[in-house]
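Two complexes, one shared chain (chain A), two partners (chain B, chain C).
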Partner chain A sequence: MIDPIRPPKRKNPLLRTRLPTSPPKPRSRKSHGFTRAAAEGRFMLQCCESCGTFCYPAREACPSCLSFGLAFVDAPRRGTLLAETTGRVPSDVYFRERTPWRVGLVKMDCGPTVVAHLHAECAEGAPVRMSFQLDKGGQAVAFARPEGETPNMADDKQWREMTADPKFRRVLVTNGRSMIGQEAVTALKVAGAKTVFVGVAEPWRPFAGEKLLRGQDGVEIVPLDVADEKSAADLAADIGGKVDILVNTTEYVRSGGLLDRKGTSIARDEIDQAYLGFINLAQAFGPAMRMRGADGINNSVAWVNILSVYSLASWPAFGAYSASQAACLSLSHCLRAELRPGGVKVVNLFTGPVDTEWFQTVPPPKVAPRAVAQAIVSALRNGLEEMYVGDVAEEIRQRLAANPKALERELDR
Partner chain B sequence: MDSSSLLELAGAISSGEVRVIDLTFTLSPDFPVIVLPPELAQAAPVRIQEVSRYDARGPAWYWNNVSFCEHTGTHFDAPIHWYTGKNLANNSVDTMPTRDMVAPACVIDCSAEAAQDADFLLTVPHVEAWEARHGRIPERHWVLLRTDWSKKGWRDYSNLGDDGAHTPGPSPAVMKWLVEERGIIGFGTETIGTDAGQAGHLDPPYPAHHFLHGAGRYGLQCLCNLDQLPATGAIVIATPLKIQNGSGSPLRVIALVSST
Partner chain C sequence: MKNSLRIPYDRVVMAAPVTIPYARYSIESAQWWIGRALGALVAQAGIKASDIDGLCVSSFTMGPDSGIGLTQHFGLCVRWLDTIPLGGASAIAALRRAARAVQAHDADIVACVAGDTNHVDSFRLTLENFSRFNQDAVYPYGAGGANSSFALIAGNYMRTYGVTREDVGRIAVAQRANALRNPNALMKTPLTIEQYLSARPISDPIHLFDCVMPCAGAEAFLVMRDETAASLGLPAARLLSTIERHNAFAEDPMQVRGGWAMDAGELYAMAGVNPDDLDIVQTYDDYPVITMMQFEDLGFCKKGEGAEFVRQHDLTIDGDFPHNTSGGQLSVGQAGAAGAYLGLVEGLRQVLGTAGPTQVKGASFALASGFGMINYDRGLASGAAIFAGPSL
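And then the complex of A and B:
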């Protein structure tokens, strides 16, 4: 049994903060099939379309029949640990700082043998459950865990390097006025976050759920108006060095597209809140997060965005909102690249219409704010980069992949 | 008036014999704005974005881009702001007569009443009682309603309940009377808006806006330091930004007050 991690002590100001380093990054273009799988929490291998052989690592042609038809498909996760070894003095700086580090060979039930990072409780000869994870360099690596649940499983040192578990970490939820924000606070506290800071803009405006929010242990309400450059900078001056996970719950939803709206003032509010708010948050909190990527048990690990799935394909009924979300999606990719040197993950959650007043007239299915909050925790615990929450988001993704033009026409109703 | 009197005034200001009182709140991003149902277009709060601060964006200078609504912070309402004044001549901040920007003020202290009742409404009898002590309100004077509301924290200042804002203001009757019977140049308050927080439920709704602007008069709101003004004799200088066809503007409102 592995020992549970302990709540971290306060920082020793005499010691230099360890700077983040990255494991080796180069990958072939084909190998990014695994990156996609890891980002979404799927286990995908190449499978020959001619003879059905699964193979690993990524190849251009089938090792069995030389066919070029090697598509990445969801594959069975089960395998057996054949052999393991422990790296003790590797030459790579990242691994050298984290020794001992265990890797092993896993014989997959579906055929190939995979080199994988090992959870501490994986034993030779025993069955394992495989996944692809994104490492601190943002690249996909194979990871083997015991087949069933084991005590303190998520506290495994190597697993924690691959994930962004809220346990003992300090989280900033940027908008405590929204239902998603309030549900996120509760879910993150339940998931073991040490402190949840909750941003509240315009504190002179009362809001539903305020009393409940103020009464929670380990929850600190902080002034934060993301659209105000100085407000974001001032908050970062106070707590920027203590934000291990930032959950951007900015929510500004208004219906309408182009022609039936008059002027740009609502569009400007949308951009102020969603897009400029994102920039203000990134500039205020990003640098310290990037710098603190290897800062012990409660290092900075993740930045979470809640995006509309209509950032991927415009829904004209909410067309201007869709555009503001598309802008944020683009920013998130930029942020991902810029936070990469710190090993900080940028997690995007895509939702369909949420069950709030701004989607009141939209027929179900709608996503419950609580489901979004639970998805945040799940994505962090599993180290995902992309997650589609609810039926609508999942359906839009599939239809977009199948035929973007068809989706465009169908959304235009 | 000859030019030596003007110079005498300048000298008195310089010497402190005439004090210059600032009636203006700092334009800051956290200053509350008027609250409307969220499905309506909203007044923008103040935004201040640094252009450069002696850095790579501009090595020797500091400056900001700022944005705000015409009705954010301490601000001026021109007649064109309300539908009742929309067809008047010279009804916007860029066309209004400059002489209207300088006028004496009568300050009616209702701070005790407002402390008792957040929904306090100024009535004609209140003003008549004031006139009994200070004399009839002359034409082309501002009437400033002192409530000490500007001394509150932001939450109490906006004082929002689930039935809207609760802040003091004028009754319909007194607004009509001040405009028609006293010929005031404008009406000023410490609260967000020249009207009371619940003025949407009065008849007509928003009587200060309705009567003032319908008669080509002005509004000033989010004023502070009214407690430093005498009941009569202060001169208010209120020069809104010359915004093309502007309905109002944040501005620096100052008052000249004799210190003797």
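And then the complex of A and C:
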């Protein structure tokens, strides 16, 4: 059994903050099949379409029959740890700072052997459960865990490097007025977050759910209007060095596309809130988060965006909103690249219409705000980069992969 | 003994063993080291550079050059050229290619040379760019060079066959004793088994004295037909047999044997000798456990008996099984691709009787082996050669 991690002590402001370093990043293009799998929490290997051989590492032709039909497919996760070693003097700075570091060779039940990072409780000769995880360099690595649940499993030192577990971390939820924001606060507290800062614009204006929010231990309401550059900067000056996870729950949903609206005022509001608000948040909080990527047990680890799945494909009924979400999605990829040197993950949650007043006229299924909140915690705990929440989002994902043109035509209804 | 169906190396000989003494770090380039080795070859053989009409080069650090760039760099006009990027198997492969070239009269005098420099960041850069599988699936896991990969192989091998660290340590300790007689060895202090056992761990079960020290250096020799050697008045050793194998036993989940196990019968058959006939053995010792594996795979003992074999034999120069007489890479240093040549060139000196302080009396038959390219989870390339001194 591994010891639980302890709550971090107050940081001594006189001590230098250890700067983040990255494990080696270069990969072959084909190997990014694993990056995709890791981003979504899937375990995929290449499997030969001709002879069924699973192979690893990433190849361009089947080592069994030379067929070039090697598709990445979901693969059985079970394997056996053949051998393990503890690295004590690696040449790479990232690993040198984190020794001792265990790796091993896993024989997959489906065939190939995989070099993997090891959870502390993986034992030689015992079965393991494999996953691909995104490491601090943002690249996919194989990770072996014991088959069953073990006590304090998520507290494993090497596992925690791969995830963004809220336990003992301080989180900023940017919009406490929204139902998703409020549910996120509760879910993050339950997940062990030390403090949840909740941004509320114009806090003197009462709002539904306020009482519940103010009544929770470890929840601090802070003034934040994301559309206001100064408001974001002021808050960052106050708590920027204490935000380990930022959950951007900014929400501005209005129906309508182009021709049935007059002028640009609503579009301007959508852009102000969602897109420019994102920029304000990123510029205010991003640099400190990037700096603090290796700052102990409660280092900064993740930035979460709640995006509409219609950021991926326009829904004309909410066409301008879709466009503002597409802008945010594009910006999130930029932010991901810029936070990568700090090892800070950018997690995008894609949702269908949420069960809130702004989607009142939309028929079910709709996503419950609580489901979004639980997805946030799940994505953080598993170190994911992309998650589709609810049936609509999942369906859009699949239809987009199958035929984007069909989706475009059919969303126009 | 089985019969070999291969065409014998009739009258193919090796001459002019050259070692450019190693340096832990060098500010010079790989080309500088290779150039010095070529110069020494010419001087030692008493030939002109223009007499060299074949060139075979190996180096990890001569990028962006390959062999062709070196011809112009060193003013060589050759009619046969090869660049062999096989790491620790480069020397055996070079010898094989060159032997057939001179046998077929495609060339008359082939210079086989390997050289590498070692800047302070050379080793790390070599690791980062070693191979695609390594880049994709090993290096991102914090492998300290090949240490972690070999730690997994060593741990599994030792557990499978009941081998202790002390068994493996005997090899390293014996080689250090040999190295103390080699003025060019970088390791100059004695090593006891106690020191070996108490060394700091690097990647369990690999400890400090299981690892080679990266350094700069170069090694070279000439391959020609015996009539060429005779006309030059050059003492030369006869090549009797070689083997080479890549990606052997891919179905073994972990490496417990190398390609030698597939080809050792052919090696001895072509040479017409038995393991017992060999006077000296030079194995590829990137890690002593790999040497132990070679004792088994090359037929000196059965699989799983390597530990008992090293307990029963004295591996020093004066012992009953003289092995890695220069001190090997473990004690001389690992000069990149020149590490592949170290044993072969020392073996050549031994059978020519010119090994000086490390000379084994009456050494006539020698075996040298190579092993290289841990591309993913195992060393892929293996090779070996048997050759004999001029008196035989």
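Heads up, the rule we're going with is that the second predicted complex is superposed on the first by the 411 of 413 C-alpha atoms of A that agree within 3 Å, B and C clash if a C-alpha of one lies under 4 Å from a C-alpha of the other, contacts with A are read in each partner's own complex, and residues count from 1 in each chain.
Following the convention adopted for this analysis, a contact is a pair of C-beta atoms (placed from the backbone, for glycine too) under 8 Å apart; a residue touches a chain by one contact, two chains touch by 3 or more.
Here the structure is a predicted model, which is why all the values come from computation and not from measurement.
K.L.:
Who does A:50 touch here: chain B (first), chain C (second), both, or neither?
P.N.:
Once the two structures are laid over each other on A, A:50 reaches no partner at all.
K.L.:
Contacts for A:67 in the overlay, against chain B (first) and chain C (second): which applies, first, second, both or neither?
P.N.:
In the superposition, A:67 touches no partner, neither chain B nor chain C.
K.L.:
Could you tell me if A:227 is touching chain B, chain C, both of them or neither one (first, second, both, neither)?
P.N.:
first
K.L.:
Quick check on the superposed pair: does A:86 touch chain B, chain C, both, or neither? Answer first, second, both or neither.
P.N.:
In the superposition, A:86 touches chain C alone.
K.L.:
Between chain B and chain C, which makes contact with more of the residues in chain A?
P.N.:
C
K.L.:
Identify the partner contact of A:403: answer first if only chain B is touched, second if only chain C is, both if each is, neither if none is.
P.N.:
Neither partner.
K.L.:
Determine, under the contact definition given at the top, whether A:283 touches first (chain B), second (chain C), both, or neither.
P.N.:
neither
K.L.:
I'd like to know which partner A:330 touches here: chain B for first, chain C for second, both or neither.
P.N.:
Neither partner.
K.L.:
Could you list which residues of chain A make contact with chain B in one structure and with chain C in the other?
P.N.:
Common interface on chain A, chain B vs chain C: nothing in common.
K.L.:
Provide the residue numbers of chain C that touch chain A in the complex, in ascending order.
P.N.:
Chain C reaches chain A through residues 123-124, 127-128, 132-133, 135-145, 147-149, 151-153, 155-156, 159, 200-206, 250, 253-254, 376-377.
K.L.:
Under the touch definition given earlier, write down the residues of chain A that touch chain C in their complex.
P.N.:
23-28, 31, 56-58, 63, 82-92, 94-95, 98, 101, 103-105, 107, 113-117, 124, 135, 137, 139, 141-142
K.L.:
Which stretch or stretches of chain A touch chain B in the complex?
P.N.:
Interface residues on chain A, with respect to chain B: 202-206, 223, 225, 227-231, 254, 263, 265-266, 268-269, 272.
K.L.:
Which of the residues in chain B come into contact with chain A in the complex?
P.N.:
29-30, 32, 35, 39, 41-42, 44-45, 47-50, 153-155, 157-158, 160-162
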